[in-house]
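Across the two complexes that follow, chain A remains constant while its partner is chain B and subsequently chain C.
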Partner chain A sequence: MEVIRNIFDLSDIPRKDLTVFGIFSLFLLIFPLIPHSSFAMATMIEFLMFSLYGMGWNTIGGYGGQVDLGKAQYAGIGAFTTAVMLIHWNIPFWISAPVGMIFAIIWSFAIGYPLFRMRGHYFAIATIATSLVLLDVFQSWNFVGAAKGLELPLKSMPSLLYLQFRSDTYYYYILLFLFFFGFFYINWFRKSRLGFQLRAIKDNEEVARSLGINVHWCKIKTYAIATSFVAVVGSFHACYNFNIDPEDIMSLDLSILIAMMAMVGGAGSLWGPIIGAAVLIPLKSYLGSWLGGKEGLAGLDLVIYALIIMIIAAFEPRGIWGIVEKARKRGKI
Partner chain B sequence: MKSFWKTSLIVCVIASFALVGGIVPTAKAAPKVIKIGVIYPLTGPAAAAGRELRAGAELAAKICNNVMPGIDMPMAKNAGIKALGGAKIKLIFKDHQGNPQLGADLAKQLIKDDHVVGILGCYYSSVTKTVSAVCERYGVPMINGSSTSPALTKRGFKWFWRTTPHDKYFTEDLFKFLVGLTQGKVKGVKPVPKSDLEPIVSACENTEWGSHVSGLIKTMAKKYHFKLAKSILYAAKAPDLSAEVQSLIEPKPGTMLFASYISDAILMVKTLKSMKAHPKIIWGQDAGFEKPEFRSTLKDNIVGVLTRTVFIPSIAKVKKVAGEVNALYKKKTGHDLGGASARSFTGLQAWVAILEKAGSTNPKAIQKAANTIMIPGEYLVVPWKGIKFSTSGDEIGQNVLGSGMIGQYQKDASGNIVLQAVYPFELATAKMIYPFKGF
Partner chain C sequence: MSAILQVQGVTKDFGGLRANDNISFSVEKGELLGLIGPNGAGKSTLFNCIAGVHPVTAGRIFFEGKEITNLKPHQVARLGLARTFQIFVASGDLSVLENIMVGSFLRTRSRKIARQKAEEILVFMELQEHVDQWVSELPVAAQKRVAMATALATQPRMLLLDEVAAGLNPTEIDQMMGLIRQIHDDRGITVVLIEHVMELVMNLSQRVIVLESGKIIAEGKPEAIKQNPEVIKAYLGERYVAKIAEAEGKA
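Right, the complex of A and B next:
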C-alpha cells in the first residue's frame, strides 16, 4: 500500500509546478480532439517517445550522474526483439515488448558489471563503444536482417494486439499511457531507497560507500531500470514505423539525442526530460519542416537548433529546469 | 516581475505545443495546381546529391509548366498537364536528412496536411522504404527515381513504382564489363588476363543500399567466377577509413569495388592515395563516385576511376533530347546532368506522363495509368529503352526497360576531367585507360 501511495505522492512538489503539469496533462489528453495536422501528431508521438527515453536516461544519468551515451543499443534490442518475434512466431507486441525488455536488462547487466568499474569520461566512452559494437553485430547478423533491417508484416488494421493502426491517434494514446506510467514510476523511484542511494553516490561516491551503500550494485540496478524504459520505446518504434534497421534505431545520433533530452531539460529533476523533449522535438521537427526544404536555406534549421542548445547550455549548464530554479530562488517565479 | 516569469514559463511550454497542435492553419490547395511532395536529403552527408536531385526535379517541373519548343519531349509541348486543363506542377520539397523516421513523418505531413497527389523520392533506400510504407498505408502513389536497393520492388506494394534500374542489374553490368575486358571487347584495351583483375575486394557503406550491393558483389563474383578476397562494410559517417583501406590493400587486389556516398567516397579515395593503393581497376557504384564534388575535390587523382552511372553528358552526341535538357541544366546549375539529377528529372517526367494518361488526380486512376504507361526511350534523357512498370512476378512496380552505363574519368582536350562511357561496349565514347595509373 505504501508503495502505491509513494507512486502517486507528489506532495513535495510545489503547487505551481503541479498546476502547470495538470494543465499540460490535460492538454496531452485532449490533443487528438483539437484540430491538428498529421505532422503535429507525428511530432507529439515523437515528443512522448523521447520523453520516455529521457526519463529512462535520467535515472542513471541525472539522478546517478553517470553519463551514458550508449542508450540506443537498448532501443535496438527492444525493437528487434519485437520485430523478430512478430515475423517468425507471430507474437503480439504486448508479449514481445516485455521479452525485449528482459533481453535488454540481461544485456545491461552483462555490460554494466564491468562498465561501472569506470567513472566519468571513461564510463561515457565505454558506453559509446559497447553501443557501436552491438550496432556492428546487428548490421552483420542475418537473423535480424543485417544492415537491411526488418520489415514488419502488415496485419488487418486496427490491431491493438499487434499495435498496428492506420490512424496515429491510437499510437498516441498508447504512448500517452506509457508516458504517465513512466512519470509515476520515476516519481516513486526518486523517493525510493535506491533513488536516495543513487543521489548520495552522485554527490560523493566515497562517502556513499563509507555509509555502507553498495555503489557498484546500485549503479547496475539503476542502469537496468533506465534500459527497460528505452527498450519498451524501441519495441513501440518498431510497430509504429513498420520497419527498422540498425543504422536508424541503434545509431550514436540517437544515443546522444536521448541524453540531450534530459541534459537540456534538466538532468536529475522529475521534469527535466519532459521539458527537454517538449522544447527540442518540436523545435527540431518544425525548423526542419519549415526551413529544411527551402532553396538556399538548407542546413539553417540545424544551425538554429544547435545555437539554441548552445545558448541554453552556456546560460545554465543544468538545463532549462536549472534556469527555472534559479529564477525561483531569486523570487522571480 | 514575478508574474512576468510565471507567464513566460507557461507561455513557452504551451506555445511550443500550441505550435504543434496545428493552430497554424494548413494551406488549401490552389486550383489548377498539382502538388507533388519531393523528399530528398537536402542536408547531411548526402546534401550534395540532394542539391542535384532537387535541381533535376525542378528543371522537369519547369519544362512541364511551360511550352519549350527546343525540347523534344511531350511534356515540353504544353504549359502544364494538358489532360488536367493545363494544371501546373508544384513541387513541395522536404529534407529527410538521411533519417528514415523523419522521412516517414514528412511523408505523412505531405499526404495529410499538404494534400499532395503523390510523392517523389527519396534517394536513400532506407528512407524510401519507410516513406513508401507510409504511402502504401494511405494509398498514395509514390514514384522512386533514384533508390537502387533491389528489395524495394520485391515487397508487392501497389502504390510504389521505380523508374531507375536497381543494383542487381548495375552489379551484373560491372561483371559483364570485367569479362569483356578479358575478351578484348573494351574500346582501346587488348584482352587482359583474368588474373590481372584478381583478386577483387569490395568496401560498401553499411546501410540498406551498401549492404545490398555488397551481397550482390559476392553473388556476381561467384556467378562470373572471379576471386573475391575481401568484402567489408563500413560506416558512411566514419571520420577515418585507414583501417578499412589497410585491410583492403592487404591481399594486393587487382580490382577494388566501392559503394559509397559522397563524403565517404572522397575520404576513401584520399585514404587509398595516402596508403599508396595500386589496383588495376577502381570502380564505384554511382552515388558518391559520380557527384560533381567528387570530381572537383579530387581532381586529377580520379583519372582512370570507373563509376556506374545512368547519364554521361557525352551521350548527347547520340541522344538529342539529352543534349537539350543538359544545356538547360548546365545553365541553371553550372554543371552537367549527373546520374542523380538525370534520374530525378526522369522520375518527375514519369509523374507528368502518368498524370497526363490518368487525366485525373484520383489515386486509383493514377495507379491504373502507372501500371499501363509506356514512355518511349526517345523522350528520356537517360539511355534506357523506356519506362514500363512490371505488374506481375516478383518485381512489381519496377521499370523493366532501364539499363546502366559505366563511365571512366578522363581528361578532355582542354584538361577538364569528364566522364566517358566505356560500357555498354557499343556506346563507348572514348578508349578506356587501363590499367589505373595510380595516385
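Right, the complex of A and C next:
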C-alpha cells in the first residue's frame, strides 16, 4: 500500500524538526491534563482551528502560490449547513459536516472556474469580492437567520453525535484528532502528483503546461481541497460556539486571518500554518483580552496584523519558517 | 520512413507583425533536424505554435497523423511531444530531482514510479552531483540539462529543443552534443533543434531548415546549407562575408 506509506513518510524532514514536532504533539496530547485556565483552553482550541484553516489555505496559497483572501465564505457554508441541518432536521454533525463540505466544494468549483483565469493580485481581489457577495446573500437570507444568524438548539445530554459537550476538553480532543488527520493529509498531499504539479505551477506556469499539466484544472482541484478543510472547521465552529452569524464567520477579517497563518508561519511548508497559528492566535487572544475587547482600541489588533504582513512582505516572504531555513543554511541551527 | 510531424502552411501574426509566413515542412520519424535563422526569424514562434502556446493564424499541424492545430500545450505534451524553453526560469521551490519528477508524473500517479523514472533520467543527463540542489543555484549548463531532463521525463516521442547550447563553454557544448546524440540514437526520440551554436547544429543535424523573416529560405544537409550563398548572406550576415573576404585578402 504505497499510499499509506506515503501518508506517514516523513523521511525527507530533518530529525531535529521531527523531534520538535514530536515534543509539541505530546504537549498537545496532554495539555488538558495540565492545570489550565478556561481562557487558555479556549485559546488552544482556537489555535487548533486556525492551524487547520491554515493547512487548507496553504495548499492553494502556499504550495500553489495563489493568494486567496476569500476563505471565510467556505467556513460560512460549512457552519450554516451544520446549523440549518441541526435546527430543521435534527441531523448530527458527522453527517452535516461532510454535506457542508460537499456544498462548499460545489461552490468552490463555481467560484474557482472563472477566478483561476486571473492571476496574482487580480485573483486575490476577486476572492475577496466573491466572499463579500456571499456574506451579503447570507445576511439577507431568512432561511439561514439573515443578519442575526442562527442559534443551535442545546441537546439535553452531551452528545458526541451532535458534537455538544459541557466541557471544552472534548471539543479539544475532537479538534486534535482533526489536526493530526489534516497534518498527515498535507504530508501526503505535498508529495503527491497534484502537490508536485502545483509546485511546478508556482514556479512557472508556462513550463508546467509544457510538461502536460492542466494548470487551470490543477488549481481548481487544489482550491476544492483547501475549501474542504475550511468548511469542516466552519462546521465545527458552529457546534462549538452554538451561535453563528454571517458577520462573524464570513467576514473579511476571518479570510485575512486564515491567509495570515501560513503567510506568517511559512507559506508552502509543512510547518508554516502550525507555526503561524501558534504565534498569532495566542497573540490575538491575549492582546484582545489585554485591550479589553471592544473598548475604543478594538481595531488595534488589526493594525498589528497589518504591520506583521508588511514586515513579512518586506523582509522574508517565506515567513518565520523562511527565517529558520535561512539560519539553517548559514549553519546556525 | 513516415512523417512524425507535419506543418502545413502555418502562419502566425502578432498584430501587424507576421512572425511565421506560410511555413510548411515535415519531420521524419527518428530524424534529427536543425532549425536555424537569425534572431527574430520566427523560430521560437514556430515552436510555440507547434507546442500549442500560440494559436496559429492559419495552417494546420499534425503529430503522428493526428491534428494538433491549436491544442492546448498540456494536451500536446500528453500526446508525446515535449519541448524546452529558451529561458528556463525556476524560482527554486523544487530541487533538481523534484523538477524531473514533475515530468515523470505525467505518466504515473505513483510517487515511487515517478521517482525511479526521474532518477534514471537524472543519471542519463549527468546531473547526479546536483540531485538535491535548487535549480536556481546551478550553473547555466546544468540548468539546461535539468530542463531537458524534465521534458524527457514526460516520455516524449519527439523533443523540441530551444537553444540548449546558448551560453555554454566549449567543454559544455561537447557534453551537450553527446547528450543530444544519445537522446536521439539510444532513446529513439525524434529531435528538432533551434540553435545558434553552429558547431553543434551542423555536427548533429541530419537536415537543416533555415528561417528568415518568418519564411523558409533553405533546406538541406548541413554541408549544403553551409555552402548556400543565400544562407550565408541572410544568416551569417554581411560581417561574416566581409571577414571571409578579409581572410582571403590576407592570404
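Note that the second predicted complex is superposed on the first by the 309 of 333 C-alpha atoms of A that agree within 3 Å, B and C clash if a C-alpha of one lies under 4 Å from a C-alpha of the other, contacts with A are read in each partner's own complex, and residues count from 1 in each chain.
Please note the rule applied: contacts are C-beta pairs under 8 Å (C-beta built on N, C-alpha and C of every residue); 3 or more make two chains touch, one makes a residue touch a chain.
Keep in mind the model is a prediction, meaning the values are calculated, not measured.
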Which of chain B and chain C A:215 touches, first, second, both or neither: second
Larger contact residue set on chain A - chain B or chain C: B
Partner chain in contact with A:199 - chain B first, chain C second, else both or neither: second
First, second, both or neither for A:167, with chain B first and chain C second: neither
Partner chain in contact with A:268 - chain B first, chain C second, else both or neither: second
Contacts of A:31 with chain B and chain C, given as first, second, both or neither: first
Doubly contacted residues of chain A, that is, touched by chain B and again by chain C: none
Chain A to chain C touching residues, read off their complex: 2, 6, 191-193, 196-197, 199-200, 202-204, 206-215, 268
Complex contact set, residues of chain C against chain A: 51, 53, 72-74, 77-78, 82-85, 88-94, 98-99, 101-103, 105-106, 108-112, 114, 147, 150-151, 154
Complex interface listing, chain A residues touching chain B: 16, 20, 23-24, 27, 31, 34-44, 46-47, 139-140, 146-149, 151, 166, 168, 237, 241-243, 245, 247-248, 275, 278-279, 282-283, 285-286, 288-289, 292-295, 298-299, 301-302, 324, 327, 331-333
Footprint of chain A on chain B - complex, ascending: 1-2, 4-6, 9-10, 13-14, 16-17, 19-22, 24, 26, 42-43, 47, 50-51, 54, 92-95, 97, 99-102, 104-106, 108-109, 111-113, 126, 129-130, 133, 137-138, 149, 151, 155, 206-208, 210-212, 233
